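Read through the structures below before going on.
First chain A sits with chain B, and in the next complex the same chain sits with chain C.
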Partner chain A sequence: MTTDFLVVDELSKSFGGVKALDRVGFSVAQGEVLGIIGLNGSGKTTLVNVITGFIRPDSGHVWLRGKEITGLAPEKIAGLGIARTFQTVRPFHHLPAFKNLIVPLYSSRIRSAAGGGRWGDRDAVALDLLEEVGFERDSSVPYKPAAALPHGYLRRLELARCLALRPEVIITDELFSGLSSSEVSSLMPLMEKLRERGITLVMVEHRLRELFRLARRVIVMEQGRKIAEGPPQAIVADNAVRETYLGAEL
Partner chain B sequence: MLRSIFIYGLINSIILALTAVGFSLTYGISRVANFAYGALYVLAGFAAWVLLHRLALNYYLALFLAVVFVALVGAALYRFALIRVRGMPISEIIVTFALGTALVELLRFFGLFGSAYGLPPLRRATLQLLGVPVDFQRVALVVIGAVLILALWLFTHYTKIGLAFRAIAQDEQAAMMVGIDPDHMATLSLALGSALAAVAAVVVLPLGYIAAESGSNILVFAIAVCILGGLESPAGVIVASLLIGYAQILSVAYFGPHYQMIVALLAILVTLVFRPSGLFGKQKELEERV
Partner chain C sequence: MAKRRERIDRPIRVLTEDIYALESLSRMIYVAAPSVFPVLFLLLLPLFTPSLYMQRVLILTAVYALLALSWDFIAVATGLVSLGQALFFGVGAYLAAILNLHFGLPPMVTLLVSTFAGAAIATALVAPCLPLRGVYFAMTTLVYPLLLARTIEATAVLGGTDGLVGIASFPNVWVERYLVLAFVLGATFALRRLLRTDFGLVMRSISDNDQAVRASAINITVYKLVAIYLASALGCFAGAYFTHLYMFVGLSAFSLDLSILPIACAVVGGMGTLVGPVIGAFVLVPLAEMVRDLGTLRVVFYSLLLVALVLFKPEGLMSFLERKYRQIERWVQV
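== the complex of A and B ==
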């Protein structure tokens, strides 16, 4: 296990006068699950957007496997194996669910991989992935346009779309938001399975109870800065964190 | 009279759909309004003419190579010019319009327009359809247009690259996130749109000869169809082609030939006044909050 699989170093980003990220740094080991928590506006989504290439940082670096990826285009970063989900689900609404998963097969990452999505078996590849994330294979659900699916399925669809990229890292941005408790608990085994499979997970999350079951290490952000880092038990006990979350259930 | 209006209206509609589909496709995928579209149409005509009459190639080979050549020009248009002004719609229109105009004027400068420059039809023959005499080229054109539109539908629904086209049209960022390169897709969309302009040219131009005005006429017709149908809507292209196609033939039959252009311009005007997003246009979805 290398501890410097994904390294974020001194990232800063300002929007106008607002420091969305203020010298944020951390590292993630391969196969680790890292949680990132913090109140709304603390810079979590900006952090995800910088790592995945949607926003260029003012300063700082991101490394993957010792190779600098700062400022690369999003599709290049995805090509290196970092997949993400969005805070609000963003499926390809007018494509049937399973065809959402054929799109990543056209990426350079999969095209260059051996046997990546040949004619004929690509539909099977997509349907297998959907089954893996909990779509009923023999129902009509995988064939429905994404726009017609309920929210819980769309979250799963986004995860499956990440998996279609055969990623090494998946960054989730509030994966559990907008889901009912039963939907969250049915999603948990899937996340555990991904962890067991050795996929590195970086989870920006508001649902702390579920996050603390998955992540062994958590980072707390406040106003663009990292104010605490440690295992969940330590985070819960941390005074600064308690202060930030004053009134919030911890 | 009615039967001939029905048949020639259909032919005219297919011609419109053929000429508009490439413009619509490029815009739908990459949001580039390719105002060099008409010039590429004319260029395809000349490329085919040169290959046929100067290099004396086989008819089908010449048409095929002309289409490939124009596709490459379209791809180059993106790679070398549009990529620099990407995301600025007004600049994209100015760049494509300027290069298109320059191309047409260059051809005019060398005197390459007039009745001497025409493409031969597939076959010189006349058929009877419902008792109406129709030349073979027009019948072939209807078949080619229908097959092409069907092929495009299959392409965008069943191939990986076609699905990637639709994905990037629906949500560019989400497509980038799964490794789809927007510049690569935009290059392909310009190449495909230009190739479709070229196909339209090599099947429609044999009905007349290659004129300098062909370029701007084709551009206006394509824009009229796309605006009435709703930009980026494939179904809109078909419906709008039928509407404008029949309206043109009816007005030409009852009022006079110059009404063909008036109908197209009226379609643009009326759509923009009463339903700016077109018959099948959709409202833009809200951007994700960052």
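== the complex of A and C ==
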């Protein structure tokens, strides 16, 4: 395991006068699960957007495998193997659920890869992926238009869209939000499976109980700054964190 | 006793879903009808429109059908609203004139070159605007035809306000009549087919949610460029064709009508269906000619019709026809 697989260095981003990110830095080892927590507006989603190229940082760097990826276009970064989910689900509404996955499967990253799937079998690959994230294969669910699916399935579809890219890193932005406890617990085996498979996970999360089961290390953000970092037990014990964030919840 | 209107699937639908469609002639006709009848109708139409005036109306209709198809394709494939179909038309029209007058190329060659090279020029002009969205993209495309027209007017290049005359016409009237109709049919079927491929599926996804497409490692600019290129090729062909038809090209090739009327056709026919806008053109353009006697009031009549359609039938003719094809309506007692 290399500790400098994904390195975020002194990232800053301001919107107008508001510092959404203030010299945030951390590194993730390959295969690690890193949790990022913080109150609403603490800059978590901005951090995800900057790492994945959707927002250009004012200063700072992002490195993947020692190669700088700061400021690259989102499609380039996704093509390098960093997949992401969106805080609000973004399915292709008109398309049947499995056809949603044709989009990442059609990317040059996958088409140029071995067994990328040509004309016919791309659909089969898509159905396999949906089964993997928990769509019942022999039901009509994978064939329903995404617009008709319940929220739980759409979250799974977001994950499947990431998996279709055969990613090395998946950054999830509040994957569990809007899900019932039972839906979250049904997603947990899948997340654990991804971890077992060696996919590096960066999870921005509000659901601490589940996050702490997955992540070995957690970063706490407040007003754009990183205020604490450590294993879940240490985070829970940390006084500063308790005051600003956990106090209300635990 | 209250009555209620109910819609049910046509019984023949379930009979034609499978290989059983081949069991009887009527079933085969039902399956083939949506594609065969419009094709036959279009191909036979020139034979039953004897007068020159009617022929010209038919050709004008086909030209607007191409522009409407072009507009709709941009909307479906990129999610962008273009107000500049006249740009494509004008570029194609002037290019054909230049190629014919200065290089002496025959009409069929200029048509080919204007379609592909013209589309490249138009795409290059629109390309910088592609990152724009919504009303901003619409505004910039609206400005382009004006910009080119005023440039020609002010600098008096390319014949200035007089236009260019003495351009070669088509070898004979049958080429003239069928060329544009064949192109309308070919383009409609080809684009519909394209949208059903995986490439086309990615295009449709861009109009649904471009950020999610980018997160899927796909460069949306490439897809938008392809869509604009194909759409402008349709417009350029229409323009080049018109130049040779009238043996003249002038500033009217950048006229606002060419940008606005296709949108009206698409609205009437049904946006996002590709076939709808073509049908819309075949309804609206002849209708506009029929009420030509009304003079200026024509526009009033026309505008009212459009507003009424947008308000009460925003889904357009196409969805109406599709429903009639699939379902029957009947009154049942509640």
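Here, the second predicted complex is superposed on the first by the 247 of 250 C-alpha atoms of A that agree within 3 Å, B and C clash if a C-alpha of one lies under 4 Å from a C-alpha of the other, contacts with A are read in each partner's own complex, and residues count from 1 in each chain.
The criterion applied here is as follows: contacts are C-beta pairs under 8 Å (C-beta built on N, C-alpha and C of every residue); 3 or more make two chains touch, one makes a residue touch a chain.
Quick caveat: nothing in here was measured; it's all calculated off a predicted structure.
Colleague: Using the superposition on chain A, tell me whether chain B and chain C clash or fit.
Modeller: clash
Colleague: One more residue to check, A:His94. First (chain B), second (chain C), both or neither?
Modeller: Once the two structures are laid over each other on A, A:His94 reaches both partners.
Colleague: Mind working out whether A:Thr46 is in touch with chain B, chain C, both or neither, as first, second, both or neither?
Modeller: Touch partner of A:Thr46: chain B, not chain C.
Colleague: State whether A:Ile55 touches chain B only (first), chain C only (second), both chains, or neither.
Modeller: After superposition on chain A, A:Ile55 lies in contact with chain B alone.
Colleague: Applying the touch criterion given at the start, work out whether A:Gly152 contacts chain B, chain C, both or neither, answering first, second, both or neither.
Modeller: So A:Gly152 meets neither chain B nor chain C here.
Colleague: Let me test your reading of the model: by the given contact rule, A:Val103 touches which partner, first (chain B), second (chain C), both or neither?
Modeller: both
Colleague: In the overlaid three-chain picture, which partner chain does A:Gly134 touch, first (chain B) or second (chain C), both, or neither?
Modeller: Neither chain B nor chain C is touched by A:Gly134.
Colleague: What part of chain A is shared between its chain B contacts and its chain C contacts?
Modeller: In chain A, residues 52, 54, 73-75, 78-79, 83-84, 86, 90-95, 99-100, 102-110, 122, 161, 164-165 are touched by chain B and also by chain C.
Colleague: Hey, which residues of chain A end up touching chain C in the complex?
Modeller: Listed in rising order, the residues are 52, 54, 73-75, 78-79, 83-84, 86, 90-95, 99-100, 102-110, 119, 122, 161, 164-165.
Colleague: Going by the contact rule set out above, which residues of chain B touch chain A in the complex?
Modeller: 160-161, 163-164, 166-167, 170-171, 173-182, 288-290
Colleague: Within their complex, state which residues of chain C touch chain A.
Modeller: For this pair, the touching residues of chain C are 198-199, 201-202, 204-205, 208-209, 211-220.
Colleague: Name, in rising order, each residue of chain A that touches chain B in their complex.
Modeller: By the definition above, chain A touches chain B via 45-46, 49, 52, 54-55, 73-75, 78-79, 83-84, 86-88, 90-95, 99-100, 102-110, 117, 122, 161-162, 164-165.
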